[in-house]
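Okay, so chain A shows up in both of these, paired with chain B first and chain C after.
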Partner chain A sequence: MTSSDSKNNINKNRQTTRWFSNITILRESQITKIHYITGVSALFVVAIHILMRLIMPFNMSLEFENVILNYKNIFYALLLESILVLIAIHGFNGLRVILLEIRQTLIWEKAVNILVIVAMIGIIAYGTRTIIIANGFSVG
Partner chain B sequence: MTSTTSAKRIDDNNKNDRTNRAGIRGWLNPIIYGWERVSYWFQRLTGIFLLVYFIGHVYETSSLVSGPDAWAAMLEMTQTVGGHLFLILVIGASTFHTINGIRLIFTQAGQGLGKPGRPDYPYDPTSVNNKQRSGLWIAFILAAVAMLYGANVLFSGE
Partner chain C sequence: MKIFKKEKRRDIKNNESIETSNTTDNTQSSVKLRVFRINAIQDPKDGHHFDEFQIPVKRWTTVLDALLDAKSYQDSSIAIRYSCRMASCGSCGMKINGIPRLACYTKISELATNTITCEPLPNFPYIRDLVTDFSQFFNHHSSVMPYIQNKKADIPDVNELTEYEQTPEDLDKFLQFSYCIKCGLCYSACPTVATDLKFPGPQALSQAYRYFADSRDTDKSNRLKVIDTSHGISRCHFAGSCSNVCPKGVDPALGIQLLRSHLLGFSNSEKKIAKLQDRSSSNSYTAEEEGEGEGKGYTEKNENYDK
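Then we have the complex of A and B:
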């Protein structure tokens, strides 16, 4: 490799780095930490969510009136919202990691990132809609 | 012929020769790669399965906003033997994914990997040790216990 070739490569790398740094919001190491934190946090909130179904006979706990009463409790509604956000982030980031393991090209990476972010926002918005309507904006 | 050209030609030949390529079967075979590989793909498979369940669960619970009849109709679909078996699988998958995930967090933090040593025959890596394997077995055992408990709750309705 000549010196001009190596200079070109260095310039190319610099451009790539600059280009990436313009769009990078989080480093991969930070995303991994978020993945772990959301996973461990989800463990606790999901445990409470399941326990709420087991404090009375399972079939009775799923009756419409009982479930609506759960949703009308603001603390339980907040718990459901936190489960929704934590699992959506953890789950869709996990899917992103799996998809990026399959192929490593720039266009694939960008497409996967956009796809999982859109899906994540979509599922959070849809779940939040259910929580808000079922809660009926009640704070009782 | 220079050594670089010769190496390139050998490399090209290897690329074309795919007769020894194991493919997806090789990926899934635990005998070749050991239980750590089982853990690897089980973590991914349970993760995808749980993500699909999560999306379905968010959709299922959205029937609440359409009133008691829509909720009852949605529940009727899940309160079947098939629905219960599916939920038991969800319980097993979530328990395995959780316990194995905690093991992986510890592993990534460098816990339970053993001390690095001189590579002596039979070159067993210190990172693949009984601590790691026992973590994996605990994940499988707890998943089985959770599935049994879930089956008891779902089928007895208590």
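Then we have the complex of A and C:
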């Protein structure tokens, strides 16, 4: 990398960063705080989830009827939903952080943010749909 | 008595070893100096190569001395940036045998090898040979506003100038970070800077903390806003390489973590460090002060500071 290359990169970044410069929904420190909180919380709920597998023989716990029964227990369904939400937020933010380091233009940053939020909402919606269907409610 | 004898024997052995090393001081040995050569401005398409020089060295010869020897007597076209030769100016930073160091502060004898490889600092654009472009580094440095901002200070009116007093305790909060000589070694060792050009780097972030922690500064919120971006302080992976290579013991990684703890709302770590510093300093003055009010001043001041 030469000095002229770096100057060109900086100029390109400046050109592409003029629009979409003042919109901030969450500051990075707030996102980091959410990332830490969801990470620690997910650790607890996943631990409970794994411990619940041990109340009966492991193979039995994964049988269809038992899984459906788990979904029909409202507390367990809420636990699964919280795992889904916490891990989706934590995981997709981690992915976002990795992707942001690959390129430094604001267009890339915006695209990554949108993609990650859409994917996160999509995964949460799909998982929630599964929990709802397993409870006997029909969707669509 | 036996212990005394053992110690005496050890002293005699030490003296002997010093004498033998003194006799070897006068005998000149030589090392192979490999210097990275590139001319990125005139021939940007040409790749780099290494030139080798055989340099006579003594025990106290530094890498900078060796480079200047090669420049004086073998190849005057070698480009090096240097000034003070005493690790104060931070000009002669380069990668020596794979580690970013100051050439004037690195003795060849401590490298314990006969081949010394000098390369330009990583994460900096090349200009020529061992000289790199620091403009991006200084842009990041200036972006964190490395100066005291005090709204009460009335600088244009000389008659209104007042002295801003600072207690030694307040000074201790940032003194370590003010020893930075801007040599760029931490910046070159940072793995985040290697992938993210917008990341301010350890030097700028530790300086942000240095002014943030200064009791005379009143614009702390603005200072935090500058570094609290998507490519800001949160991108630090805490590899700790910056603190490993710092020649002045600034420990930029500590500054980054302290600043981050403030951003996340956990400022107790700073109080703990202040208490530890207080304890270590008070231990040396116990005879005079006899532990009177130990650490009290720090905690009270820190509480006020956090508010």
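A few points about this structure:
Definition applied: the second predicted complex is superposed on the first by the 114 of 140 C-alpha atoms of A that agree within 3 Å, B and C clash if a C-alpha of one lies under 4 Å from a C-alpha of the other, contacts with A are read in each partner's own complex, and residues count from 1 in each chain.
Note that in this section a contact is a pair of C-beta atoms (placed from the backbone, for glycine too) under 8 Å apart; a residue touches a chain by one contact, two chains touch by 3 or more.
In this text the structure is predicted, and so the values were computed from the model without any measurement.
Looking at the shared chain after the overlay, A:57 reaches chain B, while chain C stays out of its contact range. By the touch criterion stated above, A:130 is placed in contact with chain B alone, chain C being left untouched. When the two complexes are overlaid on their common chain A, residue A:100 makes contact with chain C while staying clear of chain B. In the overlay built on the shared chain, the residue A:66 is in contact with neither chain B nor chain C.
Look at A:109: by the touch rule set out above, it reaches chain C but stays clear of chain B.
Of the two partner chains placed by the overlay, only chain C lies in contact with A:33; chain B stays clear of it. In the superposed model, B is the one of chain B and chain C that contacts more residues of chain A. The interface of chain A with chain B overlaps its interface with chain C at residues 32, 36. Residues of chain B touching chain A in their complex: 44, 47-48, 50-51, 54-55, 58-59, 61-62, 64-65, 68, 71-72, 75, 79, 94, 98, 101-102, 105, 108, 153-154, 157-158. The touching residues of chain C, when paired with chain A in their complex, are 40-41, 44, 125-127, 133, 135-136, 139, 192, 195-198, 228-235, 260, 263-265. Chain contact summary for the complex, chain A toward chain B: residues 32, 36, 39-40, 43, 46, 54, 57-59, 62, 64, 67-68, 71, 84, 87-88, 91-92, 94-95, 98, 123, 126-127, 129-130, 133-134. Touching chain C in their complex are the following residues of chain A: 1-7, 9-10, 13, 27-29, 31-33, 36, 97, 100-102, 104, 109.
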